[in-house]
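In what comes next, subunit A is part of two complexes: it sits with subunit B in the first one and with subunit C in the second one.
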Partner chain A sequence: MLNFVLTSVLNGVSLAAVLILISLGLAIIFGLRGVINLAHGEFFMLGAYTVWVTENAGLPPFWAGFVLAPLVTALAGWIIERSFIQFLYRRPIETLLGTWGVSIVLRELVRIVIGPEHHYATQPITGQFELLGFSYPLYRIAIILFTAAVVALMVYLFAHTDFGLRVKATISDRGMAEAVGINTSRVDQMVFVLGAGLAGLAGAVMSPVVAINPNMGLDYFARTFLVVIIGGIGSMLGVLGGGSLIGMLEAGLSAFLKPIVAQVIVLVMAILVIRLRPQGIFGKAK
Partner chain B sequence: MSRTSPNIEPEVARRASPARAGRVGRQWRTVLAHLLPLALLCLFPLISSEYQVNLLAKFLVYAMLALSLDLLWGYAGILSFAHAVFFGLGAYSLALVMQYWGELPGATYLGILLAVALPSLLALFIGYAMFFRRVGGVYFAIVTFAVGAIFQSVTIVWIEFTGGLNGLYGFPNPKLGIPGVWEAELVGGPLTYYLIVAVLFLSLLFARQLVNSSFGRALRAIRTNEERVEFLGYNVPAIKLVIFVISCALAGLSGALYVPVGFVSAEIMGILFSTAAIVWVAVGGRGTLYGAILGALVVNYLQAFMSDVLVFYWFLIIGVFFILVVLILPDGVIGIAQRLYRQMRRG
Partner chain C sequence: MNRYQKDSRIQELTDQLQRGQLSRRNFLKIAGGFIGAAAASSALAACGQPATATTPAGEGGADRVRLGMMTTLSGIGSIHAPPTINAANLALDEINAAGGLLGKQVDLLIEDNHTDVDIAVQKGLKLVQEKKVAAFIDFGFSNSRFAVAEKVALANKTVMLSPIFYEGGICNRYFFNISALPNQGINPFMPWLMKEKAAKSFYGIGSAYAWGIGSIDAVEKAAAANGVKFLGREEAPFGMTDWSAIIQRLEAAAPDVCFVFVAGNDLVTFLKQFFDFGLNGKVQLAFTYFQEEVTPTIAPEFRAGHLSTNTWFLSYDSLESKKFLEGYYRVAGQGTLVTMFGEGTYDAIWMWAKAVEKAGTFETEKVVDALEGLAFKGPQGEVTIDPKTHHATVRCLIAESTEDSNNFKILADLGMIPPDPPQACDANSVR
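Now for the complex of A and B:
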């Protein structure tokens, strides 16, 4: 019984960790410009594919791809931001449509070039974590620890560095930020690239434990939305809270119900949360 | 006698004719502009094969879905990524009623009723939760995205009930008429085709009345500036809720019409199908009603006549289309036509 509870909790925490890792980039971009990047899930997918491709190219297993993945997706993000998203920031609905177009194009390109089959990357850390008769895959624990490290890094980045200061200044008052000499267009770029890179990193982290296929981004992406909606859009705390809540809830419900039923319950809850607290559970009321 | 300008005669003529006559003339032109395509549509089964009739019937159903989306997105500016969910709910309602109670008299009417009622109720639930909390714009769009994604996975996974990606088949055909006295089966062919043409035409007239009413003006005002409409004393959330429910009810009805001409499977619930509907409206030109219908027909015929090689790239093409429409053609085909027409008149 205790084992079952512990396993469920750890399942929840590791799912939460992944959701947080993906949501971070989305939430940062939304907080800065009020736009949603619908191609965000595809950066996640590209990250996972990068690992798989580098592995098959004979490079040192996993770690090469792990380093490469965020770079590749950051580059893809930079190209997309420069080529057209920068022209659409003032029109959020158009951004939504445009990035959805990008999302379809990326998915289809991968399907056409690599194929629709499912792939798996090899797990770099195998083995079980064992303690007093309780065991849990080590890699999953590594995911949780890694996410904690990334979150800590992000907190440091935004709270204690010059870059974080510029971003916060731009969020609170774009005009004033420009007046004091901040290149806000550059901040937009860097934040977008950072978000894309984080999504790619998440994809790399998840590549050994999920089926890599062109549609994998979509699966996670809908839940990422729920994370930012429930948590409260545009705040780090919201992402942490929303991610933990949804991850734990879904893993908890999945222990007793079919996963799909659990997802439906989470969706209905998310809509109810919006009805009661449109700013999100952890967001501040306007 | 001196002439100041060679253009003076038409100008004088226009001024001389009473405004009333002009309006009557314009009305006649409008009636003609509607009756002509309708007559062509009615003649179509006489000159073409059954296959072509069924194909056009299906595309006209799509056109109706596009019309319902245009009411929401084109007029009220509310973008929904879940419109296929309402369409799919409508189709599944009728198909499942036929599957389980198909032999009972009047089952078709129950199916159609549910096909309109269930999407309306879902829209009421979502719309009530969102609009009265001032959730709009991008935020609303992503909630509908999540709704669409989840409905899609439920439909795919719940195979016992929905048939998953293989879909439902082998259920009794819907019948229209008076049970026990006279009934006609809807199995495609001219009868179904004429029914679809009639419903589409009536929906178009209804939509026209709606957008030309004061309610329609309020919708367009909301699209332009929601806050100002609110300050003028309008109940903006209620207006949005009403148009959302109407639009989704229409989508559900078109889903029911889809049952005799199309294949009811998880695909018509999917996000990609919602996307396709958005493309039809965007290509035709949003906020025009006619553009939505035109766009649905043009895009679907393009897809139907494409070679197999291109079909393999179809969604890639859709994606590129999306980006181009957003960047270059925000007003769609009708927008371009209007611009050209205005330039021709001026130049």
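Now for the complex of A and C:
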């Protein structure tokens, strides 16, 4: 019984950690620049593919890709931001459409260049954590710890660095920020690149435990949006809260109910939250 | 480009695909074409029926006839498609090299069904109504197969041949199934597992749609019939990324054998997490779909030891298999992936060709009559169509995966098994 409870709790925490890790980049771009990046799942996919490509190029399994993935997706993010997102910042519908187009192009490009097959990445940490008859996959525990570290880093970045200050200044008053010498266009770029890089990092982390294929971003796409919207836009707390709530709820319900029923309940709850508290559970009312 | 130019561009690309192997380069062109085609086809849909002048019928055109084919070039079934296209090209090559059918060369028109129900029906109608194909191969998932059989084949009285196993349930005059039903896979597989692997308890995990649910039903029924325990079932929605709760329940139930009917990407994700939770070796996995295209996606240390029943494996040794592989590698390139889906497509096209020859005409009603009871000696053996149900007698092989992703070790050959669809097709429904 205790084992069942412990496993269920860890299932919930690890699912929450995964959702938080993948949603972070989306939330940063959405919250700070108001761009709904529909290509976020494809950046995630590119991150996972980077791990696979580097592994097959004979570089040390996993770790090389793990370092390269965020850089590759950050670069892809930068190219996309410079080529057209920068012209669309004040037009949310157009960015929606534009990033949706980007997502299709990225997906089909990977399908054409690399092929439609599935691939796998070597899992860097294997085996089970065992204690008094209780066991749990070590890699899932590693994901939980890693997510905590990334969240801490982001909090530090936005609360205690010069970059964080510039971002805050740009959001609160663009004109004033420019007047005091902040290059706001550069801030926009940095935010987009950071978000894309985080998506790639998440893809790298998840690459050993999910199927690597051109469509893999789609599987996470809807739920990361739920996390951001339910949690509340514009705060790190929102992503943490939204991810934890959805992850724990879904895993908790799945322990007792059919997965389909669990997912339906989570979606109904999401609708209720959006109806009763449109700013999200942890968002500030305008 | 206007829409007619786009149309002809797509046609040109399709022709290129038909002529040669499916190389990456060709595939690139085709896929690029489809992106354009998506825009073009929605434009066509908006304008109603296009005014393109085509040859009047499958029979029309002085010396050519068209065979249609829909396959899962994109979407979650995209990993299955390449062998179906290569095998179709091989069958067409052979038929045309031997002088064609009734003195006509056969053209293959390939459409991408996006692994999607609505698109499959649209593309099917396009093939049948606009392109006037004489018959068509439908390689799709169960949900789309049901719709296409009803809305395309039956509604337009056109022969449809399905080369992919399913749970049964389609019965109409124009539908022919050239692949396994549960009674040709699951049913004989279970007693074998009981005898050879001393299995006494079973579990079923599947994707929550017709194939997954129907197959688990078949396992549950077979367990009752064999007097063994069925410990539980799990139906997972598409796009499931976290299987921990299901794996936890599976571990707690501790069955001897777990049947897995998970489709597409989800299967790979499920397997990775199954291994990560350390269940490999504790629970024997059994499949009706586990083959040469899935094994390369699993790390080698986890590849071996899984059991599957298929109608054909690359490692199946027969004279016809050798001949088929020789031709396949000639058309597609040495070492190109080949699966039972390719083998099934090859059989299906040849069976249609034999039926046309037997009927002496391309006229659908006569070809249907000729298909009933028709036998064809393909790579898996002599495939025969049951006139009562329009489902085929196919081979049942049981094999174990090894570390070599292409080499399935065949443990048992249960021979050619006649079809027994779960919902009885009475004689009227196919007539």
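By our rule, the second predicted complex is superposed on the first by the 285 of 286 C-alpha atoms of A that agree within 3 Å, B and C clash if a C-alpha of one lies under 4 Å from a C-alpha of the other, contacts with A are read in each partner's own complex, and residues count from 1 in each chain.
Throughout what follows, contacts are C-beta pairs under 8 Å (C-beta built on N, C-alpha and C of every residue); 3 or more make two chains touch, one makes a residue touch a chain.
Just so you know, these numbers come straight off a predicted model, no measurement behind them.
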| item | value |
| --- | --- |
| Side-by-side fit of subunit B and subunit C on subunit A, or clash | clash |
| Partner chain(s) touched by A:Thr184 [first = subunit B, second = subunit C, both, neither] | neither |
| First, second, both or neither for A:Pro137, with subunit B first and subunit C second | second |
| Partner chain in contact with A:Thr7 - subunit B first, subunit C second, else both or neither | second |
| First (subunit B), second (subunit C), both or neither touched by A:Gln86 | neither |
| Which superposed partner A:Leu226 touches (first subunit B, second subunit C, both, neither) | first |
| Touched partner set for A:Ile112, first subunit B, second subunit C, both or neither | both |
| Touching partner for A:Ile260 - first (subunit B), second (subunit C), both, neither | both |
| Touched partner set for A:Pro208, first subunit B, second subunit C, both or neither | second |
| First, second, both or neither for A:Gln123, with subunit B first and subunit C second | second |
| Location of subunit B clashes with subunit C - one stretch out of 2-10, 236-244 or 290-298 | 290-298 |
| Subunit A residues contacted in one complex by subunit B, in the other by subunit C | 104, 108, 112, 218-219, 258, 260, 263 |
| Subunit A residues touching subunit B - in the complex, by the definition given at the top | 34-36, 38, 84, 87-88, 92-98, 100-105, 107-109, 112, 218-219, 221-222, 225-226, 229, 233, 258, 260, 263-264, 267, 270-272, 274-275, 278 |
| Residue ranges of subunit B touching subunit A (in the complex, touch as defined) | 77, 79, 125-126, 128-130, 132-135, 137-139, 141-143, 145-147, 149-150, 153-154, 157-158, 271-272, 275, 278, 282, 312-313, 315-316, 318-323, 325-327, 330 |
| Contact set on subunit C toward subunit A in their complex | 24, 27-28, 31-32, 35, 74-76, 78-79, 81-82, 208, 234-237, 239-242, 244-246, 248, 252, 265-269, 272-273, 276-278, 293-294, 296-299 |
| Subunit A to subunit C touching residues, read off their complex | 4, 7-8, 11, 14-15, 18, 104, 108, 111-112, 115-120, 122-123, 126-128, 135, 137, 139-140, 208-216, 218-220, 250-251, 254-255, 258-260, 262-263 |
